[in-house]
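Next up: the structures, one after another.
You will see two complexes here that share chain A, one where it goes with chain B and one where it goes with chain C.
This part shows the complex of A and B:
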């Protein structure tokens, strides 16, 4: 019995040495699931791209309750993953604990920061991308009223909201910005019915462009916009294709790139710990223009937004980050 | 003298739950076959994952600790004829009480911190339970409605506090800083280390023993005290209770306070033991599972403990199942857990007539 434990421990130790680069990566999806068409799905697509290009099957796990996080991450680490990618700010505590236990395993945490020598923390400057779509909303609005539907009322969603509001006001100082949060539990990220209700409520108040930063809840918002003939703005993934004609644009947050890069870097041996902050400059966030929304974005809008983008990159416009340490 | 169709006790507490459980597992097996996986393998992974090795057992017991607390909470209220759906909110608010002590009084010696956190958790939970109790007793607002509403109020309040007041800034996550080592519950690993036993790392902690003590005390309270008797009489027949000189309103408020305090103790396990920080939505639906646990455990503390163990095993084994078998997604695991709740809770009387025909003693003339 003892010798098997010893062998297992040795194997675990070995797996963490150079051979590790050959093993498969692992990804942990957050509540909402990998098919939420938004945040988690972006991570899923990054992992799938890695699989397509390398032929390496990654292991995965979808979280259902908070208590599972630490256990799932430990399970993935123990099986000798080349890198464990934990998607979502809620995994911060669990990554911190497990990364200390497995100093030879690499962890990439998306959307939050853990300061340990074997953790790579990837965060995004969502407020910058939200600023651009806020401008787009204000410029496309005929009523001068734009809306925001958030998921769970947590700091990171407030960060989207503030950026959106500042962008809208930058484009049109008179614009009125309405805001609703879907709820106060994680279920707020997967409640399309309520999302649609909130969007309709805003439409009744004159809003004609609505931005949803709410995971799977957004699907209801976009549908409501389509039904009412208003415009909606997608989030995280490029969601323009969902309802061509009423999807004004999407605030893209390249979680897919972050996941893909963590996995390929771990494979190539170029993975580095530390904090990576991806903003407009790094093209970690942006505004999606493609064949589905081309005709909704006028050249004038595009020009003004491109100008602002450049100004933010150069620091001439500073967008407020509400999550920055006070 | 038993009424017609009533069963011997051993049938009621052993055979009936086992029959329900077997049927639930059989049906789950069919579902597993339907998605193209091997049900025997799935069952093996589930059992292995729940009780197969020391770490699995530790996790099962950790989940079970939560379910003992929330199950007892529902059971106590049920003895007074009240359906407490608010365990979730009561535990959530209790987490606030525990966290306030662990964050701001952590300079005190450990035993004092522990006792204060225990008192704060139970107190906050009790208060959150007693208000709906009072509304039921004095205003006639139905307890089911008010406790559900209080869950939402708790969630709104806690999210606000965690997003704006108590949060540890700079991480984007709605949670407080980690408690200092002197303000946490020792883990089972640590405690077994004291007596020289090597245990795997797990979130199982001192709260497990608190759960067992709580179950014992609930039993004593319900069956062997005058207050417990009053509570049961009110639950059985409010008119009779009033005639016997018991104040039903008072009994209802007390029952809900105790129920809330028990649900609140779950926060000790989660906040002070496992996570060692207050985080948003830490209750994870455990409060609701407590309803199924109490139903299955027939509102008896021993039954609640056994049912909690079963649900703990299902949670832990289910997580392993989703992990090991690619064809079985997390939704499948929820389906399997749901079937078990359905058969053991909602359909618990399905086999009763058949078993009654088999085992019930003929009525004496």
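This part shows the complex of A and C:
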């Protein structure tokens, strides 16, 4: 229903400006929505940056239930987008199917890999960024207990968790890491009340720094941290501004750069299929320090984290990637 | 002592999680006792959550949010009453229609008004119901057992929690100890008898739906402005239906219904804490198994332990005066 409406609207728009049809990219946001202040919002900002700089409108679609994925991607592809950017690991199967149907349409898939000649797959070394914020958590913790709240229990979220745990232990071998997953369906990425409840459960067990890798669910975690006077760590977007004073830092994942680059490359004709992996070295992941959390990060913390960052880039520290281990 | 503190924190979590269930189940109790089946609890709660989130964001006052939530929820309840009581429509269809309407309408309005993709702006300070510290927490903190119970379990909740706790005996009293309550129950069992006594069946059912609307409104406000700090699309996540299950489980009686709600909330709170914890003799249980716990419990209890749940006789039957 929603997609037919979108289709009609788009068809009308394209008929009016036939020249733009060739260059207009499309983006498909995952469950959680483009204003989740986290993962999808980063993608949205990348697309907006493209629009600002080039003046080219992009078409978009927000997934509200998993059944619409394939149809939504197919509709975007059928309309002849310059590139269809599918944001989120859950789109892997749908992109694979549709990319075979439309061998002449370019697809960029974020967070998962599809090996086809017309698909560009962008993945991130989340474990490396998580390692750094894990160190920050352990160094900032007074109780020696830090927590992790994940969204849906899938390998990519486990990857965040393992990196976080290893980073925390690297900074302080005695640190205890608590872990909760919000759920086992995509709805786990948009359940802030449950996120808050899980965070409170961890606080009651002595946790004083919590890292949420859970999309919009994280909003509840950060609020709970603020209410309890504990520290929280944001994810994907720089979320430090949400609650200055209790947001220790954010693990940034430059989904915005990936989306922006896919769109500009498609426009310039430099878009290439294949797998791109963005880690600390490529600045695809990182740890955000800005005016909102400046006073929470001591020079000593910053120094040790910068050292570890360098060591990871040079390969002296190897952070376990749970998805590669299989 | 550490285990005791953990247990208290588990119970406190149970209390927080049970509030929307209790409010909705009591709302359903009013409706069904009066003979109106209301599967629209979910929709009313969702619409109320949106109203609370919006009004609190605009006005900066959680209490104004509560007023707006109750108002919107009551309007929904009256629409249901208008369809089912005045026009004798199918109650399940009307309830479902209101649920669907609430899901769509809240998302569309939130998007149109706030442009944040279907959520309302994040609430700060007085726009939320903050946890209250009851008096004497400091004085009693030295007392063993009672001190921690008072500080962690009884104190430290928000105003709506205490309001809800006060509502439980009040509802019980109204339904079982007042004239209104007696007539309400009668109209759910045998509306003809009530009609013969010269009392308006429709007016009674309308009043029952009013009570239902008010309670659902408080539940929605609790979700958006106390538990969370904004309205989020589909944030009720099936709690309205769980409340209906609790109502059946509690056999349409206030106290057993509240206990059922507490049980569901306890299972929910427990699953958050069992994750990643090695249980003696079992080891670490997979997350999936633990997260299924509340549902397994629900099925087991509903299937095995409830016994025969007899609904109010006239529940779901529109009343038509004999001509």
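Quick note on the criterion: the second predicted complex is superposed on the first by the 303 of 326 C-alpha atoms of A that agree within 3 Å, B and C clash if a C-alpha of one lies under 4 Å from a C-alpha of the other, contacts with A are read in each partner's own complex, and residues count from 1 in each chain.
Note that in this section a residue touches a chain if its C-beta (ideal position, glycine included) is under 8 Å from a C-beta of that chain, and two chains touch if they have at least 3 such contacts.
Remember, it's a predicted structure, so these values are computed and weren't measured experimentally.
With the two structures aligned on chain A, chain B clashes with chain C. By the touch criterion defined above, A:62 lies against chain B and chain C together after alignment on the C-alpha atoms of chain A. In the superposition on chain A, contact is made by A:191 with chain C only, not with chain B.
By the touch criterion defined above, A:89 lies against chain B but remains apart from chain C after alignment on the C-alpha atoms of chain A.
In the superposition on chain A, A:101 contacts chain B only, with no contact to chain C. Contacts of A:119 after superposition on the shared chain: neither chain B nor chain C is touched. When both complexes are overlaid on chain A, the residue A:153 reaches chain B and chain C alike.
When both complexes are overlaid on chain A, the residue A:219 reaches chain C alone and has no touch with chain B.
When the two structures are aligned on the shared chain, A:73 is found in touch with neither chain B nor chain C.
In the superposition on chain A, contact is made by A:324 with chain B only, not with chain C.
The clash between chain C and chain B in the overlaid arrangement falls on one stretch of those listed (44-52, 98-106, 134-142 or 278-286), that is 98-106.
Where the contact sets of chain A with chain B and with chain C meet, they give residues 33, 62, 64, 153, 183-184. Put simply, chain C touches chain A in their complex at residues 5-6, 9-10, 12-13, 16-17, 116-119, 122, 130-131, 223, 227-230, 232-235, 237, 269, 272-273, 275-276, 287-288, 291. Residues 33-36, 62, 64, 153, 178-181, 183-184, 187, 190-194, 196-198, 200-201, 204-205, 216, 219-220, 223, 227, 242 of chain A touch chain C in their complex.
Listing the residues of chain A that touch chain B in their complex gives 33, 61-62, 64-68, 70-72, 74-75, 89-90, 92-93, 101, 111-113, 123, 152-156, 158-159, 183-186, 323-326. Within the complex, the chain B residues that touch chain A are 59, 62-63, 152, 155-156, 158-160, 162-163, 167, 169-175, 178, 201, 203, 270, 274-275, 277, 279-282, 284-285, 315, 319, 322-323, 329-330, 333-334.
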